[in-house]
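Lettered A, B, C, D and E in written order, each chain numbered from 1.
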Amino acid sequence: MSTLPLQPFLILALILFCMGLFGALTKRNTIIVLVCIELMLNAVNLNLVAFSKYGAQPDITGQVFSLFSITIAAAEVAVGMAILIAWYRNKNSVNIDEVDELKD
Amino acid sequence: MDLQTLQSFEWGIMTPEFTILIAGILLSLLDLFGRERWKKYLPWLAVISIGIAILFLGNQAGHQDVSILYDTYIFDPFSFYFKFILLLGSFLIYLMILSRTTNHEIEDRGEYVYLLLAALLGTMVMASSGDIITLFVGLELLSISSYIMVGLRKNNLHSNEGAMKYVINGGIATAFTLFGMSYVYGISGSTKLVDISREMSGSLGSGEPVAIIGFIILFIGLGFKISTVPFHMWAPDVYQGAATPVSAFLSVISKAAGFMIIIRLFWDIFHSIGVAAENDALFEAIFGFVATVSILTMVIGNIVALRQRNMKRLLAYSSIGHAGYILIPLVSLTPMSLENIWFYLLAYVFMTIGAFMVIYILEQAKKSEDISIFSGLFKESPLLAVAMTIFLASLAGIPGTAGFIGKLNILIGAVIANPAQYLLAGIMALMTVVSYIYYFSIFVQMFIREPEEERITNISGLQWTPLILCVLGTIGLGIFPFIALNFFS
Amino acid sequence: MGTLSLLVFSPAIGILALLMTRNSDNNQRTHVLALLSSFIPLLLSIFVFALFQGGNQLEERVSWITFQVAERTLTLDYELAVDGFSVLLIILTTVVSLLAILSARWMVNKDLNLFFIFMLFLEIGTLGVFSAHNLILFFVFFEITLIPMFFLIGKWGGTDREEAAFRYIIYNGLGSMLLLLAIAVIFINVGNTNFSVVADFFSGGEQKRFQAGMAIALLLAFGVKLPIFPLHSWMVKVHVHAPPALVMIHAGVLLKIGAYGLIKFGVFFFPEGFEILAPVIAILGLINLLYGAFLAFRQTELRAVLAYSSISHMGLILLGVAALNEAGIQGAIFQAVSHGLISALFFLLVGILLVRTQTTHLKRLSGLARLTPLLAGYFLVAALAGLGLPGMSGFVSEFTVFLGIFKTMPVIGAIGTLGLIMTVVYFLRAILNMTFGSYRNTFGNLKDLRTEEVISATILLLCIIGIGIFPNSVALTIQQTLETILVGIGG
Amino acid sequence: MEWVSGLLASEPSSSNFFTYIFISLPLLSVVLGFVTYAILAERKVLGYIQLRYGPNRTGGKFGLLQTVADVLKLLIKEDTRPKQADRPLFWLAPIIAFVPSFMVLSAIPFTESVVFANFGVGLLYFIAVSGLTTIGILTAGWASNNKYALMGGMRSAAQMISYEIPLLMSLVGVVLFSGSMNLIEIVEQQQYVPYILVQPIGFIIFVIAATAELNRIPFDLPEAESELIAGYHVEYSGFRFAFFMLAEYVYLFAMSALITVLFLGGWQPIPGLGFIPDFVWFAIKFSIVVYMFMWIRATWPRLRADQLMEFGWKILLPAAMANIFLSAIVKELFF
Amino acid sequence: MDSLHVYQNSYTMIVVFMVIAFMLPIVALTAGKLLRPNEPTKAKMKIYESGVEPFQDARVRFNVRYYLFALMFVLFDVETVFLYPWAVAYDHLGIFALIEMLIFIVVLFLGLVYAWKKGVLKWT
């Protein structure tokens, strides 16, 4: 059990990523969309850590990278929520299909 | 890392970044603790700091290549020239901010001023990074600052919406970028561009499909910043929602930064490899994809621009189209490509900021962004109309302007490439003609239609300054392009 | 600054002067100013003509952009020079521009100042096109003409002016972009875009496929301008809806850029490509000739008749090019110059007529000879020139063209003569109906020609007759240019 | 007890899994016993501090069976559920609140050998998992569909997240000095000097933040009975309510144990008194901490909501940052 | 191998704890269900609102402060995570890490000051 193959991790990450993408593209509730984006980012972290541990050339950089990505994801979500709150106060809704003032 | 190693680094090459960083922090402190009446001088401080940064940067001209902090920060001609564009563009945008006449709700807020600096800092970090982590951090510093800037007009529903769409699209794009980066890291086992390049030039064996997927996903994600298909839909909404200087920033600086990062990743990694290397399939798959994206971007941007009436949306779509043009040199990968992209971006700085400046003036005077603000402009203010004509002519690529030289370079680059990219060149030419239609329809408004009731009042000297600089840049680069081209080489 | 640069940019003086006098509603002063400033290029062009001695003359060169690609150095320079063909067209440009500006005073009723500025701007572009000795420079000036044309059509045109303007810009934009692509391909092959260098480079002439490809590209690019049959719809629109003063320049000079380019780059650079293409060009020319003539016959609007007649006449140029021998090319050049003069005259008259009657509809015009005998007379003379009456320039050019085409493609030549007959028919139908038709006084009192109008019309007419009687004046000028071209096609 | 730690080093197998269950059940009973008597003890301590007796009827003079009786009462009490409540969430909330409180116990080393889980990030694990309880409380507030409950839940969430940061930051000093996040190693580092002496500011901040995390007086705003009736569990009765109480006291247990481990040197004896067994040392220190919490409860008045939040952000957080600053410099200079 | 075993066993232990933690309430609540009476009446199933008939929905809009604090938490919490690896590895890093982290804390503090100045930290 000491050396796990890399593939299961990558496949899991890919599945998570696709789930996140699907959710981000189809969900109506903006908060859920943000959550889905978070899911995609976490899939990335999984990838990075898996590569860092079981990749061709194991190397700590991947874990460092994932720390950065976690932080930045947090900042992004914070900004996203702040904007959502500002929008909510003006519009009284969190449904993304009501984001429709701007269109061609 | 002990003190000695630390001191052995040549920190001097980071002076432009430090200038911007210190200015940003200083501005935020001044904004927090300063008196209310000082606050209108904040943009001046920013202008001065950018000026100083440009001087520092100029001082580095001809400096040999340096890399500090274990190759994460590199100084090379590429970073030098692109930082020049970034600083120049930001300088013009701050002049634009300074020129405001009405007291907009956000423009007196300090965030507006120093977030721009933060975003600029992000782009400069991107320009100099030699490691994908640094690259990513710079990118996100830019993105997150931009999200806030777009949404800064808190009580404006358009602004909220633009910011909302920007964040969501941006978040998805970030995820794509990171996902691609993680594969690239996985294949090469390093985040340093040098190592990645070396790994990619060798035989990847069974890792090749992963590398292809990784790079394509990475490109899709990075395409967000330069608004290429499929991440182009945010641009019109965001440009419309944001305050005009912010739109200009997104359209120029942010886009230039996006190209920078793409060039860093794709040019640095693949140029040295070329088609001759072992990884033909990798190379062809990726550049085939970029070519497809380029075509789609040109076509969609220009075609959809045809039916826009809001000026900022129109410019947004046109900027999508331009992004498609600028991708062509990347696909053709000739020795001229870098020069071509650089020149086009430089030209783009002048013409786009100029156009946004005119819109900004009119928008403040007429409280509208519809194309009809231009009607009869020639009668109201002939000089403004002439300036706009020059910018639009440049955007359309009419000879005598910088835009023409830019397009000419790209076209020649595409034809001279081996194998020649006739299809790309042809579509670019075709789309240029399409773009004539919407650019010229603004001419129709300015010169042929009669003016509406609201008249613009006189235009102040502060407003003229960026305009004149932009006109000089656009015309100057159009007639004497060799100045810039010699500067570059 | 060399003589040619001086010539090309001399209208800028007028533009600056007019910019200074903005806001004055004093049309008289504006007009005089514009007129005076358009004399400068005219005088300079006469000076250039006087200096001209055959071959490429008055060369100027300033280096512009240099590309370093691997070990090759590619250069784009600012280069001007004139040869026999271009010097003729330069004179034509300055003369027609002057006359157009002279007559615009009465034809244009709003923003006269701006109108003249654009006219002078257009003149810069046109002069540049004919003086350029470098493909890129040629293209630059070629594109520059688009902007003033767009405004002139769009702002001062008739009912459908904006649509006409957009059609103009789209068709010509497409043509010019194709041209740009072709130029880019030439450039990367040659490393330079100087006419002489390019011509030398391709004179070895082994790459048949490449030559044919370039020939097709150039034919299409210039075919839009000329225009060749399926690409002509913009041109009719422009003829009908643009202000007549502009159409004088447009039909008189700008359309000739197509012929100029086709002969000077096409045949000159890629003779073998054109040899392959010759039958196609001949057929296209024939179609133009007959189709134009036929449609001209069916039009009820005078300006449309003239538009289709232009198409028909451009067919003759194509036939001349297709002949690919001395007579053919010479005829084509003759036709370019002569048609320039004739259509300028026609549109001068149309403009005069339009000011007086507000219409050029044939059904509403008749019996002008009784009302305005001078105008009617000039119309008649112009029509005679157009249909190629001996003694006028039209005859010389048509005759030469057919001389050429009969030598190489007698069948097509024979069919082509049909076109000449039709030309006679539609011109006479239109003009005679207008001048001598049954008199219906719907216009009240129409004033006959003014002195200035008579002078303008007479100048053009004199040129037409002059060329008709002394064709050698043109033939000698283009002699040397023609010979250089003929070396390539082996005629 | 050596075999417990020996077990940890053995080959992982499914039989281990069941062994673990059997060794964790005693801990569970210890914890439940603790809770039973901690409640009693608290009431007694409060009583004596307030000069009264506290419970003294059931189970003899000291009321030893009082809590047992209370639990039995709760077990057979009718369990009402409001009609408007969100059924699944209402059911789930007490469990969500309880589970993490018990899970965190696995990371705590009670003595050198009584170690359940020994892993490098023990400290982080403790803090991360303990944060989950907030969700349970918020869920309870939301599911009840009661204004007081929701208000209590929101307040609890706001308070917990506000004090989580100083809590985390105050521990950076400890990690800095020990160079590890493994709780066992941290204890071992304190062989001579407990960290309360090295990190006094950190200790104080941690205790304050921990009190707030435990929702205990003076930070018991989420269930402030005089304002919000009973806060987030106002609609809960019977055994569901018991689980909230249980979670609260298990947390008290865990937090006290953590403080013992981090600041008081865990099972390490006071030098010279090494003959006393290590679990006794742990128990003594632990009891002191628990007593301290009760003492605080008895003596402090409750804060106002605004005071609470502003205290956390404006005083505690900067202080925690300064502490990191200071610790780093001290370490650089003296160690 | 030993450390790996400890590692794996430790996580098994966590799972065990989790299972027990879930089992306890489930068992207890099931047992309680058998023992306790269940006679719901309308009044019992009403929401308690200090003896008054409940009115309106409880789930009204909340003070925006809560969200602001939540945002602050998200940021500070994650930034704090950076401090831990630094603290653990402090001995190996040297003076550079000290300076860098001090800068980091100063920036973090600036963020706090910003929020403070902007009035985010004010509860009422």
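Note that in this section contacts are C-beta pairs under 8 Å (C-beta built on N, C-alpha and C of every residue); 3 or more make two chains touch, one makes a residue touch a chain.
Since we're looking at a predicted model, the values are computed, not measured.
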item	value
Path length in steps (a step moves to a chain that is touched) from chain A to chain D	2
Chain located farthest away, centre of chain B as origin (C-alpha)	D
Two chains sharing the most contacts, counting C-beta pairs only	D-E
Chain whose Cα mean lies nearest the overall Cα mean	B
Chain separated most widely from chain C, comparing mean CA positions	D
Centre-to-centre distance between chain C and chain A (centres being mean Cα positions), rounded to whole Å	63
Centre-of-Cα separation between chain E and chain A, whole angstrom	20
Inter-centroid spacing, chain E versus chain B (mean Cα positions, whole Å)	41
Separation of chain A from chain B, taking each centre as the mean of its C-alpha atoms, in whole Å	26
Residue list for chain E, restricted to those that touch at least two other chains	8, 70, 77, 95
Sequence positions of chain A contacting 2 or more other chains	1, 75, 77, 82
Shared-contact residues (touching 2 or more other chains) in chain C	none
Set of all touching chain pairs, with the criterion as stated earlier	A-B, A-E, B-C, B-E, D-E
For the chain A and chain E complex, residues of the former touching the latter	1-2, 67, 70-71, 74-75, 77-78, 81-82, 85, 89
Chain B residues within the chain A interface of the complex	132-133, 136-137, 140, 143-144, 147-148, 151, 154-155, 157-158, 160-165, 167-168, 170-172, 174-175, 178-179, 181-183, 185-187, 189-191, 207, 236-237, 240-241, 304, 307-308, 313
Interface residues, chain A side, partner chain B - complex	10, 13, 17, 20-21, 24-25, 30, 33-34, 37, 40-41, 43-44, 47-48, 50-51, 55-59, 61-62, 64-65, 68-69, 72-73, 75-77, 79-80, 82-84, 86-87, 90-91, 96, 99, 101-104
Complex interface listing, chain D residues touching chain E	7-12, 16-17, 20-21, 24-25, 28, 75-85, 94-95, 98-103, 105-106, 116-119, 124-125, 142, 144-150, 154, 157-158, 161-162, 164-165, 168-169, 172-173, 175-176, 179-181, 229, 234-235, 238-240, 242-243, 305-306, 308-310, 313-314, 317-318, 321, 324-325, 328-329, 331-332
Residue numbers on chain E that touch chain D, as the complex places them	2, 5-22, 24-26, 28-29, 31-33, 35-40, 44-50, 54, 57-59, 62, 65-66, 69-70, 72-73, 76-77, 80, 83-84, 87-91, 95, 98, 101-102, 105, 108-109, 112, 115-116, 121-124
